[in-house]
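The structure appears right after this line, and notes come after that.
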């Protein structure tokens, strides 16, 4: 394997990871504030459709991306109204929205299906793209990669370093305690849900405008939203770990495509579904790693603890019961 | 600062928690608010600090009347509350908790320097970068107090602040409170159900009973008068009488429970190397601060938390590592502290609970309900009522009635927490009956006075380890408190193994 | 308004709101709203052939709906029904293509074995998700969803690989089964009635299990409070596995009926979204067993009716899913909007 080939693979991984990273970061923001937005898959698809349709209509892909973000925020608004203000189950509404938005995307997008349209093109940052090995991957190929890295930096800085980020984390850990200190809990949760939805909407836009350009039934990014949801758990609700999770799953996709070329005997169907068993296995590993029985075993056999990935912390308090449960 | 609560009414559905309560709190004094559990003390204080809105009445602060307060408005008036269970954000760091809520928006550096300032003023020791989850209950109290002092609180409300901290920590807290009111402008309202604490600290007490003001006294006050106001004349007489001595073991034959070098892995913590024997007829009390390991021991002995190493035999049967059903079959039953959250099915009827608890006799559920639940345990609800309609006392009566009579080892986590005096008396009578009939009872109570009064033998836990195993008669609350906070060891006090 | 009438009034509100939202969506998509709805109604109910197609869609929906009632009773989000249908279809196809209609066993027994195999396939796939939950702490939403994709991949691989048609692999599915291995169509009807009968029987059985047996009560106990169930020795883990197993077996049976009674071969995406649609139907019935068949029937009409849309109006057939989603969301809103006056204190 030449250095050039390896460098190209790394570039492909960062490119494929960009929308996954945005969607997973969006869900991270939402869940750190205590709102589980289960509608990720539908959000990404619908936003992809909306972004492509608007970009085609206006001839400007960046307006399309904005429309995608708006669509994502609108879906998050529906979820927030039901979950926060009508007291419905977030999981149930999120799941119905997943199906609804997916079908709505296919229905509304029928007119622009299999049509040519603009895309975000490529972009090279002078100077930085000449850095050996990683330069081309990060700064030399597409604005998509820069966008995802910028989102990562922004989300990390917001959650870890700003006052509103601190309030958001506090609300996600204990809404009751936050309310007793005078925080307007539902307003904070509404805002974090909207911001998360907008980020996921951007992810949809990145798919239809760059990573898997165009629209169709199917589009090709089906299932990405679910993987983003799993990445959040895998990353322990921490932005940087979540970003690594997105890179990991993108690497699996890229490896699938690369192996498909290398081993033509195996069916492509197997490589397309590869991320999903890996998703289940990573969740299994992460959850077993967090169990007390494993901690006790690792105390006796230190090697075990070193072999498994380091525990990334638990779920925010407000949602710990909802998705982190086990018997 | 002077605060007047005037004709406050607060309802929860059918229940009237505060029924026309009027109260005057004067500056420079420590006011006690006494009453049984469920008397409406906490509700009244939540109204005062803006967490609840009253249906009627008003809150007058320094002459200005308010029909209701919000948490923000109360904080702006200088009213702050230290809730019974720490209401903070465990995964966040100390300085982040300190910076959150009320007051000016602080930068990281400002928050840290202000935390340092208030800590050195009050004599607290808090490291700013530690997650709050790693603090003890007392340290979390200090953090919350530091935050309130920094926000220049003038009326400080404390809701049962001494549950979960040791007697030494209690003395420190009381000294801080006395210093707090010493300038004559600030005041403290202390909610408690313990008369001794009120006597020790308060300049005046008000007593609530069934949601109404039942009396108010200025220090020094007569114990009997206060007790009568709290419980009514008849119960007050029995409440002051000492409980009968705990039963002796029925003989040193086969122990009900034998554990050797047992290691228990609970959800949160691992309890290491416990060895103990419990004999029929014994009532054993567990002491420790929350998370000290005693809760893990109870769940491990019930088979709910896994025992990962060591030996555990119940009635001679080896059960280490076995599933919970084997423990049930061996006659082990566990009474959880969170009765609704861990013990009952909120949406199912009481009759369904009986069916689930006695599956072999589910066709006779109605007869069992009438005979056991109503007849023996004096449960006052109908069989078709839903469990979420039960009061705390009735929840515990239902749970007790669902435990079969042939139980050999009864494990109870804070069996009387939050209950009224009549229910508490019933529970201890019942435990003593079971012990006399040959069962062993192992319980954990956060109330050291209760623990020493009811147990024949006390196991003290510190830092997920058993620190002492001593007869109750040889102990006093101060010593147990020192043991469970690691200030003293069993060896230093000449203690050894129990019989 | 009496207590009994309240759900009906809510349903009426939900229907009206859903209708309004649907009109908005159709207008936004540039479709003639009333002509579109007329095409759907005509396509779902307009002729005997249409009604039979609706019945064919109703069968897997009711089976999966009944199956989902069992898992919802234990508080499980069994999103993996879709994959359990697919696995059932794969097992049925595998069993039936191995059967030799000419000799050996009578055709009826072959068919019974095929359907039993389909139930087994669904059961295995559901137990996998169940054990990931009980032993691996992986939430069933993720395991179920992942296994859906895996089942789809396996069926594609079989169709294009080991089970491909002689000569060439085709996305139109495997070779058609021998006619002796089709579910029998009685009285000259173009469609077998065995499937619908099995579906109704499964529904009645599930209703009896949940409402009349001790097992149903223990599932309710697990849903209400798993910790308390552990304390009473009810072994919630085992009961979760049992609920998943029952659900998977019924969903797998639905897949088997699709193979033996409708397509007579294995096709890609044979589960046809029935699993997801059934979840919506159960949510629409909102826990009422009586309302479930009506919800399934309505959704079957929508699903079948929308198939005509691309041909007659050049619209995407996903409108059925849009309508189903709108209906469930408006019902959620109607159910939640009423008690706005009595908001609880924190």
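As written, the chains take the letters A, B and C, and residue 1 is the first residue of each chain.
Everything below uses one rule, namely that a contact is a pair of C-beta atoms (placed from the backbone, for glycine too) under 8 Å apart; a residue touches a chain by one contact, two chains touch by 3 or more.
None of the values given here were measured: they were computed from a predicted structure.
Enquirer: Select the chain at the greatest separation from chain B, using centres from the mean of Cα atoms.
Expert: So the chain farthest away from chain B turns out to be C.
Enquirer: My parser should flag the chain pair with the most contacts; which pair should that be?
Expert: Here the largest contact count links A-C.
Enquirer: Please list the single chain whose C-alpha centre lies closest to the global protein C-alpha centre.
Expert: So the chain sitting closest to the middle is A.
Enquirer: Taking each chain's centre as its mean C-alpha position, how far apart are chain A and chain B in Å?
Expert: Here the centre of chain B sits 43 Å away from the centre of chain A.
Enquirer: What is the distance, in whole Å, between the centres of chain B and chain C, each centre taken as the mean of its C-alpha atoms?
Expert: Taking the average C-alpha coordinate of chain B and of chain C, the gap between them is 49 Å.
Enquirer: Could you state the distance in Å from the CA-based centre of chain A to that of chain C?
Expert: 29
Enquirer: Residues of chain A that contact two or more other chains, please.
Expert: Expected reply: 176, 179.
Enquirer: Please output the residue numbers of chain B that touch at least 2 other chains, ranges allowed.
Expert: 51
Enquirer: What are the residues of chain C that contact at least two other chains?
Expert: 230, 346, in rising order.
Enquirer: Given the complex with chain A, which residues does chain B contribute to the contact?
Expert: Touching chain A: residues 51, 70-72, 75, 81, 83, 87-92, 96, 99-102, 105, 263, 265-270, 306, 308 of chain B.
Enquirer: Give every residue of chain C touching chain B within the complex, in rising order.
Expert: These residues of chain C touch chain B: 214, 217-218, 220-221, 224-225, 227-235, 345-346.
Enquirer: Tell me, which parts of chain A touch chain B in their complex?
Expert: 163, 166-167, 169-170, 173-174, 176-183, 292-293, 295-297, 299, 313-314, 316-317
Enquirer: Mind listing the chain C positions that touch chain A in their complex?
Expert: It is residues 25, 28-30, 77, 79, 132-134, 136-139, 141-143, 145-147, 149-150, 152-153, 156-157, 160-161, 226, 230, 236-237, 240, 276, 279-280, 283, 314-316, 318-322, 324-326, 328-329, 332-333, 335-337, 346 of chain C that touch chain A.
Enquirer: For chain A, which residues are in contact with chain C within the complex?
Expert: Residues of chain A touching chain C: 38, 78, 82, 86-88, 91-93, 95-97, 99-104, 106-111, 113, 176, 179, 217, 223, 226, 229-230, 233, 267, 269-270, 272-273, 276-277, 279-280, 283-284, 287-288, 290-291, 323, 325-327.
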